[in-house]
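Consider the two complexes below, in which chain A is the common component and chain B and chain C are the respective partners.
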Partner chain A sequence: MEYSLVPKVKSIIQDKRKLFYLFSIITLAVPIIIPVFFDPYWIKLYSEILIWSLLAASVNILFGYLGLLSFGQALFFGFGMYGVAIAITKFGFGLWGSFAFGIFASTLMALISGSLAVRLTWHYFAIITVIFSLIFYFVALTWKPITGGDDGLPFSPPNILDLGNFKISLTNSTHQYYFIIFFVLLCYYFILKLLESPLGKAFIAVKENNLKSELIGLDTYKIKLLGFVFAGLIAGVSGCLLAFYGRYASASYMFYHVSGEAVVWTIIGGVGSFLGPIFGTGLLIVLREELSHTWDHYLLIVGALVILIVIFFPNGISGLLKKMLKN
Partner chain B sequence: MSEILKITNLSKNFGGMKALDNVNVNFKKNTLSAIIGPNGAGKTTLFNVICGSLKSNTGQILFNDTNITNLPTHKISRLGLGRTLQVKSIFNNLSVRENLYIALQSSRGVFRLSNSLSCEKEINDELLQISDLFNLKDKLDADAGSLSHGDISIIEMAIALCLKPNFLLLDEPICGMGPSETEQTIKIIKKLSKTTDILIIEHDMEAVFSLAEDIVVMSQGSIIAHGTPEQISKDEKVINTYLGEEEEV
Partner chain C sequence: METFVLLALNGLIWGLIIALIALGLSIIFGLLDVINLAHGDFFMVGSVLAWFVLDTTGNFWIALLIVPLIGFVMGSICEYLVIRPIKNAAALTIVATFGLSLFLQEGVRATFGASPKRLMVPVDQTFSLLGIEYEVYRLLAALFAILIISGFFIFLHKTKIGIWMRAVRFNPEIATAMGIPTKKIYLFTFAIGFAMAAQGGVVAAPITTVDFQSGVDILPFCFMAVIIGGLGNLEGTVAAAIILSVFEGMVTSFADPTLARIASLSLMCIILIIKPHGIFSGAKS
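Presenting the complex of A and B:
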C-alpha cells in the first residue's frame, strides 16, 4: 500500500499544478473537517493566515522569481485596505465597487513606485521600497480626516449579494470564509499561471543573469516592472481581504514592520517555492497565536527559529519537505 | 552595401582614459573577421559599445544600415546582433535545455501567458536542432553551471544562435580551453560562419590565422592595421606592437 502511495505523493509535491489542486481541496474542506477535531476558531485563523500569505506571496514573486528583495509590500497592502475602507465610508461604494477600487489603487501605486524602483537592484532597490512605504505610512498617519490616522477607519461591510430576502453577507462566518478563500485561491491560480507562462520563465532568466537576459533580447526593465505591478496587485488583494475580514483599515498596516514580517514569512516558507509563503505565514501566525498569550517575549523564540531555519534549511519549510520526500 | 557593420569616429572615454580613440572600421558581409591586439587595446570595450552595454561619447554605429548607436542592449540583440562574453555567462542554475528554451522564447516574445501548441513545438524542434549542432544533446538536462568551462563556452554560443543573429560577436571563445576542446570549438565556429557573419576577439594567434579572413589589429584604443591574414602577418607596425613579441618567444 505504502509502496504505491509514495511516488504519487512525490509527483504531487513536484508538480505545482497538482499541489495547487490539493491545496484548493484542503482549503474548501477546512470548514467541514476542522470543527470535528478542533475549535471553530481555527477556521477563522486559517482564513486569516491565507490572507496574510498573499502578502508573503507578493514578496515571493519579487524575491523568489525576480531576485528583487522588497521591504515595501505593506504599501500596496495598505493601499488595498484603505481603498476598500475609503470607498465604503467616503464614497458609499458597495462591496464589489470598493474591492475593485482597492485593487485599482494598489496596482496604480505599484506602477508609479515600480517605474522608479525597478531601475535599481539589490540594497538600493530594498531601500527605495522602504522609503516609498514610509512616505505613505506618514501620510496615512497624519491625514486624519481621510484615513483616521492612528485610530484607523472602521466600516460595516456591505452585503456580498443582496436579492431582497436572500442575502450573502460577510457577517455570516461561512459566507465570509468562502468569500475570502475564493479570492485567495484565484490569486494563487494567477501566480501559478504566471510561473508556467513565457513571462514567468523570463522572470527566472532576469533573476539568474540580468546582463545575459538583455543579450538574448529580453527587455529586463519592462519584465521587472510587470513583476512589480503584479506583486503589488497581489499585495493589494491581500489588503482588501484583510480590510473586509477586520472591517477596518489602519495606517499601522502600512508600516515597514509589516513588510519585514512578510519577508520573514517568505524566507521561512521557502523563497522561490510556489506555496512556501503559506507554510511560512501559517507557522509564524500559529506560533504567535499560541505563544503570545503565555509569554510576552515570545518573539525571542520566533527569532531563534528564523535564525535556525535560515542557517540549516536555507530553502525553508518547503525545501525541507521536498528533501524529506526525496529520501 | 556589402558591409554588415560600419563604425565611424567612435570614441569612448573612461574619465581621462581614451578606451576607444576615434575608431573607424567596417566589417564585410559573408566574412569571418577577427580583432586582435594586446590586453587593454580596447577590443572588449568596442564590443560593449557595439552591443549597447556601454554608451559611446562620439561616433556612429550602423548595423545593416540601421543606426544602433547607444540603443538599449535588448533592442540591439533583437535586431540580430548576438554576442558572447569574455567571462563566460549563461544561466548557471538552469538546465542546458532551459538555457536554450528561454533564448528561443525570447525571440518569439515573452509578454504572454501561454504559447500556442505550434509555437511550443517549433521551440522544441529548434532546441533539438541547435543542441545537435553543438553536440549538446546528452547534456540537455544537466545543470548548466555544473559543466566544464569548454561546455559553458559552447552553450553560450548556442544561446546566442537561438536568436538567429545576422552577426555574431564572440569574445575569446576558446580562452581557457584544453587542446581537444579548442579543436572542437574552432570546428563549430567554422561551421557557424557558413550561415552567420562572425566577428571574434581572440588571443590565440594560431586559431585566429586559421579562422579569420579579415583581421583588425587594435592598440591603445585605435586601429593600427586592417587586412587579410597575409597582409597582417607582414605588417611591420603589427609585428612591432603585437605579433613580434610572440615570435621572439
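Presenting the complex of A and C:
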C-alpha cells in the first residue's frame, strides 16, 4: 500500500497545478479539521499566515523567477493597507470600493517606482527599492492628518454583502476566513497562471541571462516592469487583506524591516518554489507564536534557529521536501 | 545662517561616524559578498558595550580602546559560526545575518534592557561657535572618526594583511594559489568590520542614546553610502556618507528632521537613477 502511494504523492508535489489544488482543498477544509485537534485560534492564525505569505510570494516572483532582489515590497503592502483604511475612513467607501482602491494604489505605486527601479540591477536594484519604501515610510510617519502617523489609522470594516436581513460581514470569523482565503487562493492561482504563461518563461530567461534574452528579441525592460507591477499588486492585495484582518493601517508596516522579513521567509521557504513562501512564512510565524509563550526572550531562539535552518537546509523547506521525496 | 552652518557641521560629524561604520560594511560586502543585515547591530553592540564599560570603570577612554577589541573577537566568532558555513551564497547570508541581528538585539534587550539610556559626555566643555555653545566632544568624535578611517586606509595599503585583503577581494582563487590564507583573511575582514562598527558605536554613544534598536535606523543609511559611493570603492563610501549626511544636516536647518530624511533619500534616489552604479563608479570599477 505504501509503495503504491509514494509515486502518487511525488507526482502531486512535482506538478504545480496539482499542488495548488491540494493546497486549496486543505485550506478550504481548515475550519473543519483544526477544531478537532487544536484550538480554533489556529484557524485565525492560519489565515494570517496566508495573508503574510502573499507578501513573501511577491518577493518570490521577483527574486525567484526574475532574479531581482527587492527589499521594498513593504511599500506596496503599506499602500494596500492605507488604500483600504483611507478609502473607508476619509472617503466613506464600502468594502469592495476600498479593496479596489487599495489594489489600485499599490499597483500604481509599483508602476511608478518600478519604471525607475528595474533599470538597475542586483545590489543597486535592492537598494533603490529600500530607498523608495523608506521615503514613503517617513511620509506616512509625518503626514498625520491622513495616515495617523505613529498611531495608525483604525477603522470598522463595512459589510461584505448586505441584503437587509442577510449580512455577510468580517465580524463573523467564518465569513472573514473564507473572504480572506478566497483572495489568497485567487492570487496564488494568478501566480500559477503567470508562471505557466509565455511571460513566466520569459521571466526565467531574463533571470538566467539578461543579455541572451535581449539577443533573442525579448524586451527585458518591459518584462521586468511587468513582473515588478504584478509583484506589487500581489503585495498590495496582501496589505489590503491584512488591513481588513486587523481593521487597521499603520506606517510601521511600511518599514524596511517588514520587507526584510518577507525576503527571509521566501528564502527559508525555498526561492523559486511556488508554495515555498507559505512554508517559510508559516514556519516562522508559528515558531514566534509558540515560543513567545515560553520565554520573554524567545527571539534569541528564533534568531539561532533561523541561522541553523539556513546552514543545514540551504535550499529551504521546499528544497528539503524535494530531497526527501527523491530518496 | 548660524543654525545652517551648525547643522551642516553636525551633519559632517555624523557623516564621519556613518562613514566609519559603512566602511566596515563595505569590506564585508566587497570581500565576502555578505549582505550583512546585522551590521547596524554591530554598531548598537558597540554603543552598549561602551555603556557597560563606562558603568564598571567610569572611564570613557577605556571603552574607546577596549570595545573595538571585544568587537573584533565577537566578529571572529560570528564569522566562524554563522558566515563560514554558508559561504558563496549571497542570498543565504541575508537570512543568516537576519538571524544574527535578531539574536544580537534580543541578547542586548535581555541584558541591557529595553529602555534607551544616555551616556555621560566624557568631555563636557563647550565653546562658543557662531554665538552658540558647541560641545567639544562632537569635534573630538569627528577627530576620532577621521583618525580611525585614515588608519584603516593606511592599514589596507601599507601592511601585509591589508594587501592580502585587497588581493583576496581581487581574485580569491589566485590569491589562494599564491599562498595567501584566504579563509583567515575572510575571518579577519569580518572581525575588522565588526570592530569598526563597534568603534563607531562607542564614538557615537555620547551624542545619541544607547538603545537596543539603534542599529535598525542606521543600517539602511550605511548600505546607501556603500552603494551610492560605488560598490567596492571604499573612498567613495566615505565621500557618499559625508555628502548625504551634510546635505541632511543642511536641510534640517529649515525643515523638520523627518522631512530632511525624506529629502536626502530623494537625493539618493536621483543619484542612483542618473548614475546607476554610484557617484564614483567612473573612478574605479
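Keep this in mind: the second predicted complex is superposed on the first by the 327 of 327 C-alpha atoms of A that agree within 3 Å, B and C clash if a C-alpha of one lies under 4 Å from a C-alpha of the other, contacts with A are read in each partner's own complex, and residues count from 1 in each chain.
The criterion applied here is as follows: contacts are C-beta pairs under 8 Å (C-beta built on N, C-alpha and C of every residue); 3 or more make two chains touch, one makes a residue touch a chain.
Being a predicted model, the structure only gives us computed values, none of them experimental.
Superposition of the two structures on chain A shows chain C fitting alongside chain B with no clash.
Considering which of chain B and chain C touches more of chain A, the answer is C. Once the two complexes are laid over each other on the shared chain, residue contacts for A:Leu226 go to chain B alone; chain C is not touched. Of the two partner chains, chain C is the only one touched by A:Ala304; chain B is not.
In the superposition on chain A, A:Leu199 makes contact with chain B only, not with chain C. Once the two complexes are overlaid on the shared chain, A:Leu111 sits clear of chain B and of chain C alike.
Of the two partner chains placed by superposition, only chain B is touched by A:Gly217; chain C is not. After the chain A superposition, the centres of chain B and chain C are separated by 80° when viewed from the C-alpha centre of chain A, nearest 10. Our summary of the superposed model lists a minimum C-alpha distance of 11 Å between chain B and chain C. Of the residues of chain A, not a single one touches chain B in one of the two structures and chain C in the other. Across the interface of their complex, chain A is touched by residues 35, 37, 81-82, 85-86, 89, 91-92, 94-96, 98-107, 109-110, 216, 220, 223-224, 227-228, 231, 256, 258-259, 261-262, 265-266, 268-269, 272-273, 276-278 of chain C.
Per the touch definition, chain B reaches chain A in the complex via residues 51, 53, 72-74, 77-78, 82-83, 85, 89-94, 98, 101-103, 105-115, 159-160, 162-163. The touching residues of chain A, counted against chain C in their complex, run 63, 69, 116, 119-120, 123-124, 126-128, 130-132, 134-135, 138-139, 141-142, 256-257, 260-261, 263-264, 267-268, 271, 296-297, 299-300, 302-307, 309-311, 314.
Put simply, chain A touches chain B in their complex at residues 193-194, 196-199, 201-202, 204-205, 208-209, 211-220, 222-223, 226.
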